[in-house]
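The two complexes that follow have chain A in common; it is paired with chain B in the first and with chain C in the second.
Presenting the complex of A and B:
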């Protein structure tokens, strides 16, 4: 049963990645100017005719677009994301240098967002009409309305410029020997911006799910029969977490979009910042590679979320109707 | 056992019950009968201390010499846990859909009376067997069983707990005729074998005739008639009761 389910999810993931690759490649083609020139990146003026000829051959730029796409896709599937037209190094090598930072930022922020939103959402959801209930509604609207870049600028101004307690940018000190403490100091602000702008809205969603679950018939039956509030709460949170996880799954792609802005603002050396840099320098191999790797991260995260839902919801396993 | 005196419930300026009086005698099956919307279920909610927050309630519900309308939320939770078991109408939605029945049956019965899981397994095995349910149901999720089987699971918990008072709120209305009969027989068995006092809420006179010793007839939030089933059936005094009985035949 689970192997069939996993197989289905993997096929869906591959289809999603295929669509991502298709869109990213053809959006490049639709960009203004000659795609071949775009592939030369910022070096177009300085390249010799021989070098241009080499790049043209390498990326099949003189062949029809469909063939170019298939050639690029075939190489990508083999793990060869091409060579950065700006840096002249393999794209996979550049991405692998940045990937740990992105994974660190993502895992730390998601950990605190999930823990914080479950706590806030549960406390507020179980106390309908209380100050917690109303307070969370206001908090979630306020925090999710603040643009991440604006909050980031405020954080930089306050913690880096005014107080001078945290570094304003980067993911490590210049010499790179600061160790864990240095990493944490650099991580605090970008992670905090992502946490603050997301935790409220995630908590609000859970709060509403808990309120709905709290009014279910089985909860009334349990209360009438003296089941302890602790047991009832456990059941409510478990069931409310199913739509909550769905919400996380739906918002994961936009979360990655938000993290691109935050990485750029804080010069956090991750995939997001790399993507922005690739756009700015028209380094198309690097850009497509970054988008593909981000796509893989999204698909893997969604797969993990789906696995958790599969474990929590017996109706997914037993084929019932929810 | 329970004496309801002058009980009035009002929600959002609407009178749900108006000065109602009735008695549930120990060891008897008392039926509260009336049409939909007559206030039966809200009366049950008042007995359980589970009225909506915005409900205004006055009067007395005397239990063991004490007005439980004055009890705190914690005291009522404790009372429900110790003395009362309630079976509701919609068995299909009475259990948490994400938890196996075995765990839920334990929560509703064994854990409630302080039994270990081993003791529960042994006792519940016997009860389920007596009620014609295979032990395998404990490994099932609620959505894998029929409404009739789930209602029997509920009454299995009542057999296990042996509560001082069993409240059955329209327990058969979601069941077909055959299952209705079976269920009522189980209620009678529980009353006869264990001496359990039962408050049976229904709108079905046949069920009252078959199971109850005493009955109270409710109409538009008031009790219009009360007495033994034999007396009320043979000599109804209220016009509404007469109409109800006439519609039966």
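Presenting the complex of A and C:
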């Protein structure tokens, strides 16, 4: 049974995807040169008249802009993202090659950020006024002031250049058959840079919500009635996790932005690095495709967070709206 | 009292950074773009306090000049996003009803799209210079300001003094300006401070990716763009100092913002 709230969030996600698609379509319209050539991908001289005719028909390029948009959207939904103008290969193929790397980096970093911030936030939040409490506030402000890519440069200097224990860039060794150990070795630096610069702010947010919950009347009543500290903590963390999850949802987009930069620094072969490469080489079909995919990733992630909130918060399950 | 002292400390630090960068042309020991091929990659010494880069340019001089560029881009973009945010949030909060609902749904959708992506798209097409960057950062950075202004306006609209002013037939613009906006200034100030930190982050990130400020102009982000290659041959000083400057600037802004945040107001805004 899907509640009204979940339905609302789904509509929101679709609206976001439409906006991203306008943005993407805008690139096609604003990009210099002939759109048919851009979709063809190869050298303009080798584009035969028949092929041009076919592309023009497929994307309704001789029709008004609104029809062009619909035709393009139709092709995009079918998974046809055009051809990269620099590599001459289908954009969807390039993206599918890189998607696993982005998902790996994202899920590993998010896993450690969530685990780490729940632990730190709970410890600090339940001990108001302690050294943990004050320490976490300072730690969080300090770490969130570090530009992630700068920390990454320092990491490269220490771990790759000076100590030589970790590879400075790439997402696997050159021949690509290094196995799991090789993958992990490449993953350590980009992941830890993202974790270090993000775990503090999430922990701090949970800490603040726990402190608010801890001062609520229902907690006092529970304590006075002799409820064990263990189950009180459980209740507090559960209630505090709703604003915490909300905060994760709000910051997910900027987290994706941050990982674009970290991917580029470490030449981690993911979607983020691909986007930057497409901008630098003015590969417009590739840029459109990677933006659409990033949009889908953000929307899907937000929807998962929404579902977790729905599972935790009984108010939402009873048909309430936040 | 301790918190007041720390606030002063961070204000002084920020003031010092701003002072050093604004007067960079007087303070810099060398011309920031003067190349010296005989002193490429020289480590920090008594002549070049912070060393030289791959073209033999003095890092300290570029650091001061680059700070001016970074802070100029950040502050002009923040002013732009402040204006847009106040107008958008103000309209949404003051009128309420359907207008508010539509405007807020649009804002929620826009907030979901990473602003870095939007800027990348426009940079790919127009490849603007320094002021083009400031414009783009400003145009994408107003969303949180709008949200805060809206919630402040909604809160203040229900206050008795505003209702009273309405009853006495005070002109709308006077209520908007004199009552609603002026009483929102503390909240707007805090969000603008954090926005300023965000704008610095955005400039250095884009320039670091090589698609921000044109490479001929020194900025903290541009310096780090070259530093990522220099670090591989062990020239750590080129990367270290711009990063420290960015870190200290953002740290100071964040601490000042935290100190200014009113704990009671905060719950409403979050």
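Keep in mind that, in the parts below, the second predicted complex is superposed on the first by the 269 of 322 C-alpha atoms of A that agree within 3 Å, B and C clash if a C-alpha of one lies under 4 Å from a C-alpha of the other, contacts with A are read in each partner's own complex, and residues count from 1 in each chain.
Here is the rule we use: contacts are C-beta pairs under 8 Å (C-beta built on N, C-alpha and C of every residue); 3 or more make two chains touch, one makes a residue touch a chain.
Because the structure is predicted, anything quoted here is derived from the model rather than measured.
Undergrad: Do chain B and chain C fit side by side on chain A after the overlay, or clash?
TA: fit
Undergrad: Just to be sure I read the superposition right, which of the two partners does A:15 touch: chain B = first, chain C = second, or both, or neither?
TA: Once the two structures are laid over each other on A, A:15 reaches chain C alone.
Undergrad: Which partner chains sit in contact with A:30 here, chain B, chain C, both or neither? Use first/second/both/neither.
TA: A:30 contacts chain C only, not chain B.
Undergrad: Which holds for A:61: it touches chain B only (first), chain C only (second), both, or neither?
TA: After superposition on chain A, A:61 lies in contact with neither partner.
Undergrad: Identify the partner contact of A:271: answer first if only chain B is touched, second if only chain C is, both if each is, neither if none is.
TA: A:271 sits against neither chain B nor chain C.
Undergrad: Go through the superposed model and pick first if A:195 touches only chain B, second if only chain C, both, or neither.
TA: A:195: touches no partner chain.
Undergrad: Which chain makes contact with more of the residues of chain A, chain B or else chain C?
TA: On the superposition, C touches more of the residues of chain A.
Undergrad: Should A:262 be classified as contacting the first partner (chain B), the second (chain C), both, or neither?
TA: Once the two structures are laid over each other on A, A:262 reaches no partner at all.
Undergrad: Would you sort A:302 into first (chain B), second (chain C), both or neither based on which partner it touches?
TA: second
Undergrad: When the two complexes are placed on top of each other via chain A, what is the minimal CA separation of chain B and chain C in Å?
TA: Shortest inter-chain C-alpha distance (chain B to chain C): 17 Å.
Undergrad: List the residues on chain B that touch chain A in their complex, please.
TA: Per the touch definition, chain B meets chain A at residues 48, 50, 53, 77-78, 80-82, 84-86, 88, 90, 93-100, 107-108, 112, 141, 143-144, 157.
Undergrad: With touch defined as at the start, can you tell me which chain A residues reach chain C in the complex?
TA: Touch residues, chain A against chain C: 12, 15-16, 19-20, 23-24, 26-27, 30-31, 141-142, 144-147, 149-150, 153-154, 156-157, 161-162, 168, 212, 243, 247, 250, 253-254, 256-257, 260-261, 264-265, 275-276, 278-280, 282, 284, 287, 291, 294-295, 298-299, 302.
Undergrad: In their shared complex, at which residues does chain C touch chain A?
TA: Residues 105, 108-118, 120-121, 123-125, 197, 201, 204-205, 208-211, 224, 227-228, 231-232, 234, 236, 239-240, 242-243, 246-247, 250-251, 254-255, 258, 267, 270 of chain C touch chain A in their complex.
Undergrad: Any idea which chain A residues touch chain B in the complex?
TA: Where chain A meets chain B, its residues are 129, 216-218, 220-227, 229, 231, 235, 238-239, 242, 312-315, 318, 320-322.
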